[in-house]
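By letter and in written order, the chains are A, B, C and D; residue numbering begins at 1 in each of them.
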Amino acid sequence: MSNGMTSDTAAPSPAGRAVALLRDPLTLALVAIAVMLGLGELLSPGFARGDQIVRLLTVAALLGIAAAGQNLVILAGGAGIDLSIGALISFGAVVAGNVMNGVDAAILPAILAAIAVTFLFGCVNGIGVTLIRIPPIVMTLGMMAVVQGGLVVFSQGIPSGNAAPALMQFINQPALFGLPGVLFAWLALCLAMVILLKRSALGFAIYAIGANERAAGLVGLPVRAVRILVFGLSGALAGLTGVMVIGYTGNSFISVGDQYMLPSIIAVVIGGTSLAGGSGGYIGTVAGAIALVLLQSLLTTLHLEVWGRQFIFGATLLVLLAMYGRQQAPRV
Amino acid sequence: DTFKIGLSNGWVGSEWRTQMIEEAQAAAAAWADAGTTVEVVVQSANVDAQGQIGQVRNFVNQGVDAIIINANSPTAFNPIFAQAKAKGILVIATDAEVSSKDAIYVGIDHKEWAMQSAKWLAETLHGKGNIVAINGVAGHPANEMRVAGYKEVFADYPDIKVLNEANANWDQAQGQQVMQNLLATYPDLQGVWVQDGMAAGAWRAIMAAGKKNDIAATGEIRKDFMTVWNDEGLTSGASVNPPGVMASALNVAVLKLQGKEFKDGIFGGTYGNAIYLPIPFVSNENLTEKLAEAEGKPGYWSVTATLSPEDASAFFK
Amino acid sequence: MKPAIEAQDLTKTFGAVRALTGGRLSVARGEIHALLGANGCGKSTLSKIIAGTHAPSSGLLSIDGQPVSFASPRAAEEAGVALFYQELSLIPQLSVEANIFLGREPRTATGAIDRKLMRQKTLALIARFGAAIGPGLRPEARVSELQPGERQIVEILKVYAKEPRIVIMDEATAALDSRQVAVFFDFLREKRAEGLSTVFISHRLAEVFALCDRITVMRNGETVAQMPVAETTQEEVVRMMVGDIHRPQKRQRTAPLSAPLFELDNATGDRFHNVSLRLAPGEILGLGGLQGQGQSALLRGLFGISPLRGGTLRLNGSPCRLRRPAHAMAQGMGYVSGDRVSDSVLQGRSIYENLLAALVMRERKLWLSPRVLAPRLTAEAASLKTKYARLSDSINTLSGGNQQKVFIARWLATQPRLLLLDDPTKGIDLGAKADLFALIRELADQGVGIILYASEEAELLDNCDRIAVFNGGAVVTELSGATLDSFHLTRAAFGET
Amino acid sequence: MRDLLTRERPAWLLAAATLILLIVINGLVQPGFFDPSVLQSNLTTFLPLVLVAIGQTYVILGGDIDLSVGAIAALVNVVVVSVMAALGGGHGAIAAGLLAGLGTALLCGMVNGILIALVRLQPMVTTFGTGIIFSALALWVLPQAGLEVPEAYWSTYGGHVLGVPTVLVILILATLFVVLLARRPFQSWLKAVGGNRSGAFQSGLALNRIRIKAFLLSAVFAGLAALCLTGETATGDPLMGQSLGMGSISAVALGGTLLSGGVGGAIGSMLGALLLGMIGNVIYFAGLPYEYQTLVQGLIVLAALAGGVVLARR
């Protein structure tokens, strides 16, 4: 894709630090979130109410879990991107729905089954990208078609099965402090992602490979294995998202995951992870996911023509991108 | 006699479509009892209008006797249908109306479909209250006809206020999300007019907000939704767009291929080429009866209705 | 006569980094002018300002007496200025000829590229370098398929294809062998005779004194002196550049009589064949010869990057097969490449991470705690006198030389028993080089085995116990003791034994 | 042409070879495949993707990507149809409609190019964003499918020019354009910009102008595809062309162009687009049950890509 790098010259002076903070994607995303909440409350009172925010966070959690995998793939560079996430979410949802079929006791097996299958699909993506060297965008696009087709074959077009009551409760009903369980799960995932990326050897390898694949190989890092694993993890997280989605909607349908494909990329990018790989993190993606969901719901509640909503959505994306996602100028 | 009929479907995202194709295949097989072999070939994939034109071209090039299509666009097929007709191929659209004068439409009137449920909602609310509407894909013909339908009805009820209209693209999860947002912004809501494919999601949001007894909303004709509807005692009503429309179209097609002539003046609709099928309605009154019909069927099963060959022959001379 | 280049107090800041604080340069018409200084003193930055690639933060620049402010490299080119880029400006995917004429393609009447003319012109340019150019450098060859030395030559040809009046050669000889350097210098002298002005940047002082008319010395972003070559000495210049340095004495050492650490028999690989070598602990073995005779390929083969195809390798007496770098690392090997941009730098990551890289697999750490690791890494970086502000700063804030120190320190942290050095001082200044070789000797004295390939002859002669000289992918002879001198090395390099 | 014959041969040839194989198979399974009318009808189906893939190639060669081509096609389609309808449908109206359509495409390409080259936004996300905006504008111009195109327009498109099928004429002209452009320095410059952006800048190339031109080309070809779609469907539809974005990227990759930029050419992309179309055909005529159609199509595309990459590496 692009070989541009965001320039992040460290600035030791306090003034420089203030500038750096203002340019920090996370800060920007948080500011954008605050602005949208304020705007929403102003335009349609009730928008920023506590329980509404909790519901928005629930929706954001689904996107955020899916985007975690996307985040890893993008960080690992090599033009990494996973377009099969949407289809894998659908697949995970259908598999989970079939396995649990409304029975609480079968939730764990359903999760395991969904994750295992999607992990394998993800690994196939990784193998295609590393061993056969198909560009990720094409490999995962092809995988998307294969998974969608496989889903039609697997379910004969009629995905049966539905969510177990406990799972639906986990997603939709308050569990602790008025927050549904899924938010705690997301929090746990955030912690896991941050630890993985900041402290673990795998995280180090992901950044190193994203920054310079060749150099990473020369210091002995298992480049291919890591890349395959990262695609596998992306698949598994998509499968997990699928389980959550079926808990959210109650039953699965073939296209249930489609709406997550491009938003998962956008959440990562407006969260400050460079599509060139090697720089960024998950906290920004969390903020990006929240900002995106917030924007969508803000637009829903505005009394506008459809085209107007779409127009504002696209324009806001570009503005968010322009605020910090600019690439380096050739001449400095 | 042996007839070869092509079935074209441009979207595989819902069970309703699958049921539609399966019922059509079953109807074709049933003709064997009457001594007529009906061979069907199916093309079903996620394609845009242009991709679906490709499907039709393949049928034309292959030389089928008739094409039955659930078209992705009302107008984009005019030239290719003209070509098909020129080659003596019978073209019948179903589920989504097409403007071509070279095709006929056998299916429900989507405007009427929307008007029925809108009327039900208005009357359930005694002609008074705040409502919101949740629609499918903006710009999609079926969606636009439905929107026109409910607008016309609500215009007759001055005390019914449509506070907002949103699109959730015929996706349950989006329907649920949109409903959540609308519930948050409009605390004083009495009614929701929502299309099928999203209504179950919207109802889930309504139930999660603890408002299932305060709000009346349109529903779905899927068995699993009707079960919830019944168990939770919801106030709902649903116009039925039966998946059997394609089977009905197929039965009409076979009769036509057998050489029968349509009666005069049976075509109507916006484009003057439509045979509208009756639109059943599910409400709290007949819900138990419909659930009984669904006994033994899987959860995704939709209330259906098919025009039998005997019923269909009423359209012919 | 107006000077060809007159730069007055040019400054340049990148964000908070002050790369250039007082760049002054005055180059007369028809002279070869050396621009010298330690790593990171601002030579490349000054050059890029003159060539329109960077916009100066302040200062004045005149070309041929005319004040100019170039908006782009194109504008500088139109004023007759061309720059040889230290990191090269070639497009790997394009052919040699397309690169040389990029943006200035000869056209036919219809506006299409005149391929015939372009081919002719390219062949004429290549002919100028004649015998020094290998057969791989054909007009239609892709640059990505060329050897580093060949690429450097293409960049040189590209500069002259612009028919410039003023050229700046930013370390143009870094990857050239002695024969290529000789041809290149003849060429530069010829151009001088034609009235061309050349700015010559190099870390090889001998070259400078052999070639240049005047010298400008920079230090910490500032120009500190300018004088004719005839009026100064190498020692004086070095002192102006980096202050007093400790010049390494020639290594005096008798090979220890312990069991060999490393035994290689009949190794065959991508670009070498039947290579047999021995190395005892504490020994420094040099790989000599002209550029591109298989030395680097052998090192890459030994480290498992492009594994050996035949032959046997024994480490400490036990045979091993190294199929990838991780295997070699498990045997206590380390590998430092001279090509830092493509082989070493983790772009945009911190200095800390860049230092840490090799340790992760060497010690098979799953959990990386900065509190434990940072002090270790800081110590390694300090042993090479690496200059940086904070470990958390991006590696991109360091100059090339300091970056290279980081990449060497990265391997020192793994405490290797056998260190493979592939032209490790490419682009490193004299001070750093001295530090580095002092350290290498120290390691050797501690019993580490070292195999060193260096494109600069003196580096090998000063530091190695033995030198295996390569020609055409095979070892022609091994020099040691009395034969370890420039005469024998040069003779062997050309295949005579 | 020499470029094509030397280095790009493997990937390029594979697309061609696979295409020939599919044509042979199709000829076997589909009676009458080689009838001129059937060929013309197939070409009509494939042509829009072929055109979009040509434009996409230039953007990708330059190291960028354009996801907005589908939305551009939709917007051009509704603008063309609306203008023709508003002006009454005569020959003047047709000409005005075509001009308005191409003007719209140029504007869209300009917006993309400026945002990406001058404002320096990330191309993939930017064109996704502008794509949403172009779709919104298409919905604004024509909220739902409808309006008719003058018969002269679509019957010409579906018919013949000087005895040659119009679609074939368009294909030949497009090929001619591609071949001529490949001989000019512009294509080398694009490859340089995509292969090593800072090197290209240091070599004195005007990066911004070159990248913007690539986006203009991409948009114009999307616009031409829209004109074909308009001829094929004789109507306006704001939801048209949604599959063109991803389809064109697949076609470019199948045709042997590196998605990272710098290597490749538009002839390969044209073959790739034809290949994608033929795969759909063969699957249908091979009589596969419909449940398997999507799956098998995906598998064949993946296999073709994998094969192309493996061959190209030799």
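What we mean here is this: a contact is a pair of C-beta atoms (placed from the backbone, for glycine too) under 8 Å apart; a residue touches a chain by one contact, two chains touch by 3 or more.
Every value quoted in this text rests on a predicted model; they were computed, and no experiment measured them.
Taking the CA centroid of chain D as reference, the farthest chain centroid is that of C. Across A-C and A-D, the chain pair carrying more C-beta contacts is A-D. Inter-chain centre distance (chain A to chain C, centres taken as mean C-alpha positions): 43 Å.
Our note on geometry: chain A versus chain D, Cα centroid distance of 30 Å, whole angstroms. If you average the CA atoms of chain B and of chain C, the two centres end up 72 Å from each other.
Chain geometry summary: the mean Cα position of chain B and that of chain D are 34 Å apart.
Residue positions of chain D touching 2 or more other chains, listed in rising order: 139, 143, 196, 198, 201, 291, 293-294, 297. Multi-chain contact residues, meaning those touching two or more other chains, occur in chain C at positions 53, 72. Looking at chain B, one finds that residues 12, 21, 46, 138-139 touch two or more other chains. If you check each pair of chains against the touch rule, the ones that pass are A-B, A-C, A-D, B-D, C-D. Partner chain A is touched in their complex by these residues of chain D: 63-65, 115, 119-126, 128-133, 135-137, 139-140, 143, 196-198, 201, 207, 246, 249-250, 253, 258-261, 291-299, 301-302, 305-306, 309-310, 313. Against chain B, in their complex, chain D makes its touches with residues 30, 32-33, 38, 41-42, 44-45, 48, 139, 143-148, 154, 158, 229, 232-243, 277, 280-281, 284-285, 287, 289-291, 293-294, 297.
Within the complex formed with chain B, the residues of chain A that make contact are 44-47, 49, 51-52, 55-56, 59, 148, 152, 156-160, 162, 172-173, 245, 248-251, 253-256, 258-259, 296-297, 300-301, 303, 306-307.
On the side of chain B, the complex with chain D involves touching residues 12, 21, 41-51, 53-55, 57-58, 60-63, 73-80, 83, 99, 137-141, 144. Remark: chain A residues 5-13, 16, 199-202, 204-205, 207-208, 211-212, 214-222, 278-279, 331-332 touch chain C in the complex.
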